[in-house]
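Read from first to last, the chains carry the letters A, B and C; within each, the first residue is number 1.
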Amino acid sequence: MFDFGRQVIMKTIFPMLFALLLGCGVVQAAPNADEILAASDAIRNPGRSFSFTSTLTEFQNGKQVDTNTLSSYSRLEKGGQYSSLIRFVLPARDTGKLMLKNGNDMWFYDPTNKASVRLSPQQRLLGQASNGDVASVNFGKDYKPTLVGEEQVVNGERQMRKAYKLALVAVAPEVTYSTIEMWVDIENNRPIKGRFFAESSRLLKTVYYRKFQRQLDAERPTESVIIDGLNPQSVTLMRFSDYVARDIPETWMQRDYLPRFQPE
Amino acid sequence: MMTFNLALRNLLRNRRRSLATLLGMAIGSTAILLFGGFKTNISYEMHTTLVRDGGHLQIQHRDFYLYGSGNPTAYGIADYTKILEAIKNDEVLQKMVVMATPALQFGGIAGNYAASVSRTVIGNGFVAEDVNRMRMWNDFGVPSKAPLSALEGASEDAAVVGTGVARVLQLCDALKIARCPKPEKEQKAEGAAIPDDIAQLSLLETPSVSASDGKAGARIEVLVVNSKGAPNVTSLEVVRAEDRGIKELDEVSLMMHFAKLQQLVYGKSPPKATSIMIQLQHSDQIAEARARLVPILSSFSKTQPLAVLDFRELSPFFVQTMSMFDTIFGFVFLLIGSIVLFTVSNTMNTTVVERTVEIGTLRAIGLRRGGILRLFVLEGALLGLFGAVLGATMALSLATLINHLGIHWLPPASAVEMPFTVAIWGETSMITGTTIGLILIAIISAWWPAYRAARLDVVEALRHV
Amino acid sequence: MADQEDDLEPAPTGEQAAVKQGPVAVLTQVEKTYQLDSVSVPVIKGVSILVRHACFTVLLGPSGSGKTTLLNMIGCIDKPDKGEIIVADTKVGELSDDELSDFRAKNIGFIFQNFNLLPVLSAYENIEYPLLLAGASAKKRGNRVPRLLEAVGLSDRAKNLPGQLSGGQRQRVAIARALARKPKLVIADEPTANLDSQTGAAILSLMRRLVERYEISFLFSSHDPEVVKAADDTIYLKDGVIQKIQRKGVGEAS
């Protein structure tokens, strides 16, 4: 008796309620900027500690000039931000070199002469160090987003997509970019494109996220195309692979441990 | 007096020999003084250049001098405007100070991305009108003039770079710099072409050919790390390339307006300066000015240790150069002194031998040994006196001649040719010192022959042929 | 260094004076040897003499007899190896070099064979020089030097340099110089050797006059027979020893 009642309610009333609500447009509540950003962060990062391999290819003026393969170990810290330990794998001359990004400090370690050096903010303007801050970073922790609107935007595969445009303003002290423009796919909250600005409002970098593949329980962008804002002829292609969820010990994220680090 | 008379007349007795010795001494004295004048001239020029560029004193964060080069903006001075006010209002400093002006040093990357080149630069932001006023300082009356900074009156986003920077950033044509050979394009094994789809994305981001390309301008982007550690970038128009004199400096130097740089580095945070340059009327006021500044600064030093440095401390090159010149001068003096020693000694020896009978006679009629010694030493001293005085006179005349010849030369670490002059007129201490020094050397060199003369056996001397 | 009377005055004359004053120089067993490399050459071999005051004494002897050496020792410009020399009542052997210089300046005048005038000084200045050495005042000098010039007959040559004077004139200047400080003893080694006979004779008579007038003791060495003739005492020296002594008015002694 009761079963029959329940089935009727579920088959008739709920769908009617649904239709009503749909009609009123109440179910489609205005999306929250924080939620959108968080969702796009969640697509890029698995929400836990993990390791992956990244292959970087640099292009200048239309020609390939350099390529690197790195192993990254990203640890999700209390407070929700990632710290990363990166090990150079290729080319052979760089094998074994390490880079550690922990909070606002960046360290570089060379095993051949067992020297570790802290990179000053000035030194981070150039080279590999400047690419790290667009990769395993949870923007939601350091930036406050505002939903600017919805736009059609060309994505990394050169397809037109409908996107939320978010304006991010730095809230944490000492972050690299003063403001960020982020386009997030309306359909699936995928990050499509990001533009990163300096305090003077000059564009420093543009990033396209593409080649989404299933990795660690979600469709994640396995390629980032980073275009230098000052010199658009300078392009870096980052390819990510071999995602492995793993616990990364805290000791790995300490500068003193660098000489003893052994990849597993 | 008789001894003096005797000595003098004996010198006149063999005029040719005395004159030759005198002349030798005079030439030696002239050489020393001319070199000394050259050294003094260089000292004045360098001193003037340093005071023109950076003032007599600079107020800086205490650690800036030793540690600031790694990260200059971390050592900024807060409340620098208040310090400038305090200096302006101090009654003693008012009379001494020609200019007090702030400056900001930074390190960053300058890029000419249209040509795909960039370069690390060390830069300075300053107030152009103030600096140009400072460049007029000429307490020593040196003939060279400092070129004025092109930033005065230029637009807000103007920049002046070293010629090396202009060269590396391929701005030579825009700035009309001569002697700017284009580098050979290295025939590197070309890498693979960029995948087409990425190239298209890159194109999306490339700004379209804009109106600015029509101008024959020299636009650069300057990327710095701001006071919060984040990158910041601005666009500047290079209006001139300046030769800084030293190649290494040429290749990293970038100058821009103070206010604009503050904006770039400090953004919306309270702006600071990395130094306050103070130029005085006269260099000998440095100690007094410093004494006056220290108590003023102590009231601003609670949160930041401040130091006052004078231009010599800030420019070890100057001190080292002058020190080297002093050493060379001493060396020259020693060399020439040795020659004078030898010459006078030789002359006196000959004289003694010639006058052996006379010496015996003088001893026989009762002149003591000491008297003989004094007689010959006095002769040497007179030679020294006349030689040195003649030398000083010759040097002064030659200096006048040289200074009016209008020769030019290019000193090291200088970008501009300077008139070649020797500063001897008015250098009383150098002239006096050299003259007295040579007289002393003449006395010393006469001493040994005089001593031998005094020790002669009277009978032997009288018997001498 | 106070001097005696301010100007030259004739002294009491005659034998009274000679008797009153002791000998101007006394030598006792004086010896002198020269060392030539490893060879010792004795020059004066035990000489004891006295030289009389206010007398014209001549040392006579062949070359190599030691005349010059003896003169030098009495003149205090050389020292004996043995024996004692007393000059003007002073044991000169005990004096230091500076003391000897002062002693010579005050008590001994030298007249040299070659005149030995300072060539850069005039006649006047040459004569003046010993006075300057003594620190005599300008007044005293201004007084004494013209008188000396007059005494040797060269007042009109005061400003001439030695190069502008004849041999005789130079020797006279030398004499005036030797007398400048009124020495007790004037020593001359062959004073007439470089003069012609006429001039030499004139010099001799001058010196003779000075001895008589001013009671100065002259001690010479000479070959010149004219000099010998003019002498009061003649001391004959040979091979470093006294052969004989002839004293006028006192008889021979050996």
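Convention: a contact is a pair of C-beta atoms (placed from the backbone, for glycine too) under 8 Å apart; a residue touches a chain by one contact, two chains touch by 3 or more.
For clarity, every value in this text was computed on a predicted model and none was experimentally measured.
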Exercise. Check every other chain and keep only those touching both chain A and chain C; list them.
Key: B
Quiz item: So which has more C-beta pairs touching, A-B or B-C?
Solution: A-B
Self-check item: Chain of greatest Cα-centre distance to chain B
Solution: C
Quiz item: If you average the Cα atoms of each chain, whose average lands nearest the overall Cα average?
Solution: B
Quiz prompt | For chain A paired with chain C, centre-to-centre distance based on mean C-alpha positions, whole Å | solution = 125
Quiz prompt | Between chain B and chain C, centroid-to-centroid distance (C-alpha), Å | solution = 73
Quiz prompt | Separation of mean Cα positions, chain B and chain A [Å, integer] | solution = 56
Quiz item: In the complex of these two chains, what residues of chain C are touching chain B?
Solution: 72, 75, 77-78, 97-98, 101-106, 109-110, 112, 114, 116, 118-121, 129-130, 132-133, 177-178
Quiz item: Inside the complex, what are the residues of chain B that reach chain A?
Solution: 70-71, 107-109, 111, 113, 116, 118, 190-195, 197-207, 221, 223-226, 228-235, 263-264, 267-268
Self-check item: Partner chain C, residues of chain B touching it in the complex
Solution: 2, 6, 9-10, 12-13, 357-358, 360-371, 458-459, 462
Practice problem: Mind listing the chain A positions that touch chain B in their complex? | Solution: 59-65, 104, 120-122, 124-126, 154, 156-158, 173-178, 198-200, 202, 204, 206, 208, 225, 227, 229-235, 237
